[in-house]
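Here come two complexes built around chain A, the first alongside chain B, the second alongside chain C.
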Partner chain A sequence: MKKITLDKLSELYIRISQEYDLFVPSDEEGVVSFTPWKDDSNVDFDVLKTNLSPKSFIFPQCETLFNFKSEGKKLSIERLKNDENKFLIFGVRPCDVKAFHLLDNVFLREPMDRLYEEKRNRGTIISMGCIEPEDTCFCNSFNIDPLCAQKGVDVFTLKIKNNIFWKVETQKGRDLTVMLSGLLEEASEDDLKEIELVKESLNSKLEELPYFNIDPQKIDRSLIELFESNVWDEISKSCLGCGSCTYVCPTCHCYDIQDYDGGKGGERFRCWDSCMYSDFTLMAHGNPRTTQKERFRQRFMHKLVYYPNNFNEYACVGCGRCVEKCPVNMNIVKVIRELGGENK
Partner chain B sequence: MSCGCNDYIDPLIPQIAVIKSIRTDTKDVSTFIVEKPEGGKCFDFKPGQCAMVSVPPIGEAIFSITSSPTEKNFMEFSIKRCGKVTEYLHNLEVDTEIGVRGPYGNNFPVNDELIGKDLLFIAGGIGLAPLRSVINYVMDNRDAYGKVDIVYGARTSGDLVHRNDIFKNWPASVNTNVHLTVDREEDGWDGNVGFVPNYVKELKFETNKVALVCGPPIMIKYVLLALEELGFSKDQVYTTLELKMKCGIGKCGRCNIGDKYVCKDGPVFRCDEIKQLPDEY
Partner chain C sequence: MEEITLKTREIAYKDLSTGKVDRVIGFAKGDFIYESNPTFISDIDELDALVWDSFCVNNLSKYLINELKDVKKIGIFLKGCDSLGFNQLVQDNKVDSDNVLVYGVPCEGMVDPNKLKKDNLLKGLIDIKRSGEKILLITKQGDKELKAKEYEYDKCINCKHPNPVVYSELLGDYITRNNNVVDDFQEIKEIEAMNSEERFDYWSKQFSKCIRCYACRNICPVCSCDKCIFENYEPGISGKGKVDSEDQFFHIIRAYHVAGRCVDCGECSRVCPEGISIDKLNRKIIKDITEIYGEYDAGLNTSKSSVLVNYELEDFDPFESIKGGK
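This part shows the complex of A and B:
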């Protein structure tokens, strides 16, 4: 275990940014999001939920698949050159790291998504544990420990008082740590004791959270029973179909593919899409999901039943962004409760 | 290779193909014969599998491959004009280059459950397209299968596709019967008149066969009921499903029915499997 004092962080950022494109959670006009680090970045490690999840680093909201040229009867296709810069995201929370893993299940399954794979390989993740969970957090409902490194983290850190504690998890993390030698010092016995105390006090904090009792494993009906349940009629009523939940969600992976027509040439791109939208499943001959109830049901059945059937994990990490962002205050916590997923 | 960038196969990048000829089947269905620009088939596939056909800058859509894998040099797509991509395709001329990627999905079990069996094909309208791949595969490996019955219907005789096969090639094949029907009486039509599901019941097929069904959803629904009435059990019947698709590889999240993705786990489903799925297709 190593550590760095907060006053040396600027030096750390400078060193990292010599080798990597560095992204940090920074506060711009009251909104905290991962942005490229600059000398005057207002880095904020206290807000847990960045406005959008960091999924856009590996699965951008919009990206070009290839360029094409169509002249007369001729068609040519040209793949873009990959960006080769290594990037590093500092301060990714355990829930968001877990979400990367859930996206890996989809995108890295054969046939592999090459654009995703390429970004995943270029990225280094410094994760940061959460010692002050917020009221809308419920990662513990999905067995995520906010003080432990999730699989895929290169370095795991904890910010306690004046120090950032630094634990190497992978070879990438080791290489980075070597590069930063001189800035990091060994943590002392007293430091380790302090970390233990923080860990102990976290448990009682978690127990006091409003959603602590949420437990999707308590949902015990079959796929067909849940699908046909009349719960959906009532809870989907308020849904506006705005799709905000899917955009802020770190695990939503649905995308659209479209062509941009620039006259003789153009590009094919993909962009985030949402199962909450009415034309998501619209075909020339009809639409299997004609009302918002069916679209609403799809989103939550996917997170809580379909995805787990395929990958043995829930497709929610309890980050709580959708809870904060839904304009009509409908969310996955209410859905889980309605389906019986609660410890009483 | 498949994407034209040798070091790297990106499943979302189509390969270039060329339309070698176009056969007009009906007023709104044409069959496109497609090859690699240098000649030859774009890729190998199995009967029932699909491919994405790209026409930049209009877009991309998924179609079943209607030719048999035994055709060594080309692939065929029978396409009905009904949306943006298909409208554009119908206006293309021979020798135009398009993009193709695939193959996607599973296939009819021609080398497993269907081997040695009597086969009953039931199709409606453009639904003959995916079944034709299987039928021609069976015709090219005739000894491996038993008796073949093909029930095929359309709104009018003018809407029947693959006329060369249904009127000439298949009826002339050994141990093969073709039963054609149209929805309403019309001048010059001396075949059966009536909807496909009723015709299937009238033909009173024995249940010692495997049935393969494809057509509009409403036809499939009533054909399955008709087969049940004749005594077929659900594990003797295969059909194909269709939903909106973008990626074709189980990632874009669009074509799921419950926990199954039609592009990856389908499009071919045995009817006892369909029974396990939520009713959302």
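This part shows the complex of A and C:
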């Protein structure tokens, strides 16, 4: 275990940014999101939920697949050059890291998604644990420990008072740490004791959270019973059909593929899609889900039933962004509860 | 507030049990003390869920479009700003006012949980009470009194219509507030004072934050097209690409489409997950309309025809005198 004091962080950022494109959670006009680090970045490690999740680093809202051009009967396709810069995201919370893993399940199985894989490989993740969970946090419902490194993290850090504690988790993390030698010092016995104390106090904080008893494992009805359940009519009623929940969600990963059609040439791109939208999965015969209730049900059945059937894990990490952002306060917690997923 | 809550239940009970309405749309408490959510009640046994407090911020009137396809008569709880939206829906022929009973609730302003959170005031919060321009927080650590103006939603701070402008029944007494506030469009004048390049940069930066979730459109009481152009993904019409041109296309078309009908309720800005001040675009248009056609508040008066859909020969010709934006 190593550590660095907060006043030395800017030196750390400078050193990192010589090798990587460095992204940090920073506050711009009151909104905290991961942005490229600059000298004057207003870095904020106290806000737990960045406004958008960091999924866009590995699954951007919009990316070009290729350009095309037609000349007479000939169609030529031009692949775009990949960005080759290594990037590093500093301060990714355990819930968001777990979400990366959930996206890996989808994109990194055969047939492998090369665009995704390439970005995943270029990235280094410094995760940061959460010592003060917020009211809208419920990662514990998905067995995520906010003070432990999730699989795939290169370095795990904890910010306690004036120190950031630094624990290497992978070879990438080891290389980074070597590069930063001189800036990081060894944590002392007293430091380790302090970390233990923080860990011990976390459990009681979690138990006090309003969503502590949410437990999707308690949902015990079959897929068909859940699908046909009457609760969807009631709980979908207030849904406006906007896409905020899906776009702030770290695990939503549905996409659409569209063209910019410039007549004789154009660009094919893929972009985030939302099951809340009327044209989601629209096909030649029409749309299989014609009402907002069906679209609403799709989102939650996907996260709580279909995805777990495929991968044995839920497609939610309890980050609580949808809880904060939904204009009408309808969210996955209420859905889980309505479906019976609560310890009483 | 408790008093209003009881009144909401009473009137809903009376009208549901006598069959005057088939359903009421109001608010119920959510998971947090600082959360009140839209609720739809047809069964008198469920009426205990109805509440009225400082978090009933949503404008419920838009729900009428869909709910009236389902039942004949609806009772709905509306604040001043909401009632303007309701009137506009009536004027746009989206809602038949004969099928709606409006229970008007005078409003002192709604409290923004995000502002409380920023000042770390949500921790240990047990209850929150409002009286006039003061908010009392009851917390595990003790009570705390706050100035209401500092914790209201932005849209409430200079509210022009604390009292419903249309109602069948009024719950509570008329409220007077902001008597001395004149809406002088100060924030719009600041943007107008920029040169065209600065202004372009300002708006480009705002629009590029957009994630195209369409929350602003879907919450808007006057965005009520059966099919929005932004649901038409034929190539060349509207694409999902996250590029400046698409973002700008959306925001400008949205603003122009609600021009003259926007009731300035500020819901668009409230729900924007990226914090874009969408209402500034609406308010620029409201300012222009006021300057060109005289004082006009959309939704205030349904008998008066809408300013931009009505033509008179004497109308001022903006193309003659203003000569575009540059």
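Everything that follows uses one rule, which is that the second predicted complex is superposed on the first by the 343 of 344 C-alpha atoms of A that agree within 3 Å, B and C clash if a C-alpha of one lies under 4 Å from a C-alpha of the other, contacts with A are read in each partner's own complex, and residues count from 1 in each chain.
Here is the rule we use: contacts are C-beta pairs under 8 Å (C-beta built on N, C-alpha and C of every residue); 3 or more make two chains touch, one makes a residue touch a chain.
Keep in mind it's a predicted model, so treat the numbers as computed, not measured.
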Handout entry: Room on chain A for both chain B and chain C (clash or fit)
Key = fit
Exercise for the section: Please indicate which partner A:258 is in contact with in the superposed arrangement: first for chain B, second for chain C, both, or neither. Expected result: both
Exercise for the section: Could you look at A:31 and tell me whether it touches chain B, chain C, both or neither (first, second, both, neither)? Expected result: second
Exercise for the section: Would you check which partner chain A:243 touches, where first means chain B only, second means chain C only, and both and neither mean what they say? Expected result: second
Problem - chain B versus chain C as contact partner of A:328, first or second or both or neither - result: second
Problem - Comparison of chain B and chain C by chain A residues contacted - result: B
Practice task
Look at A:273 in the shared chain and tell me whether it touches chain B only, chain C only, both, or neither; answer first, second, both or neither.
Solution key: both
Practice task
Please indicate which partner A:113 is in contact with in the superposed arrangement: first for chain B, second for chain C, both, or neither.
Solution key: first
Exercise for the section: Figure out whether A:170 sits in contact with chain B (first) or chain C (second), or with both, or with neither. Expected result: neither
Exercise for the section: Once the two structures sit on chain A together, report how near the CA atoms of chain B get to those of chain C, whole Å. Expected result: 7
Practice task
Could you list which residues of chain A make contact with chain B in one structure and with chain C in the other?
Solution key: 256, 258-261, 273, 282
Problem - In the complex with chain A, residue positions of chain B that touch it - result: 3-5, 8-14, 16, 54, 56-60, 82-83, 86, 93, 95-99, 216, 242-244, 246-247, 249-254, 256, 258-259, 276, 278, 280-281
Handout entry: Complex contacts: residues of chain A adjacent to chain B
Key = 65-66, 68, 70, 73-77, 79, 106-107, 109, 111-115, 223-224, 227-228, 253-262, 266, 268, 270, 273, 275, 280-285, 288-289, 294, 298, 301-302, 305-307, 309-310
Fill in the blank from the handout: chain C partner, complex, touching residues on chain A are 29-31, 51-52, 60-62, 135, 210-211, 237-238, 240-244, 246-248, 256, 258-261, 269, 271-274, 277-279, 282, 323, 325, 327-330, 333-334
Problem - List of chain C residues in touch with chain A within their complex - result: 30-32, 35, 37-40, 58, 63, 118, 122-123, 209, 211-215, 217-219, 227, 231, 233, 235-236, 239-243, 267, 270-271, 273-275
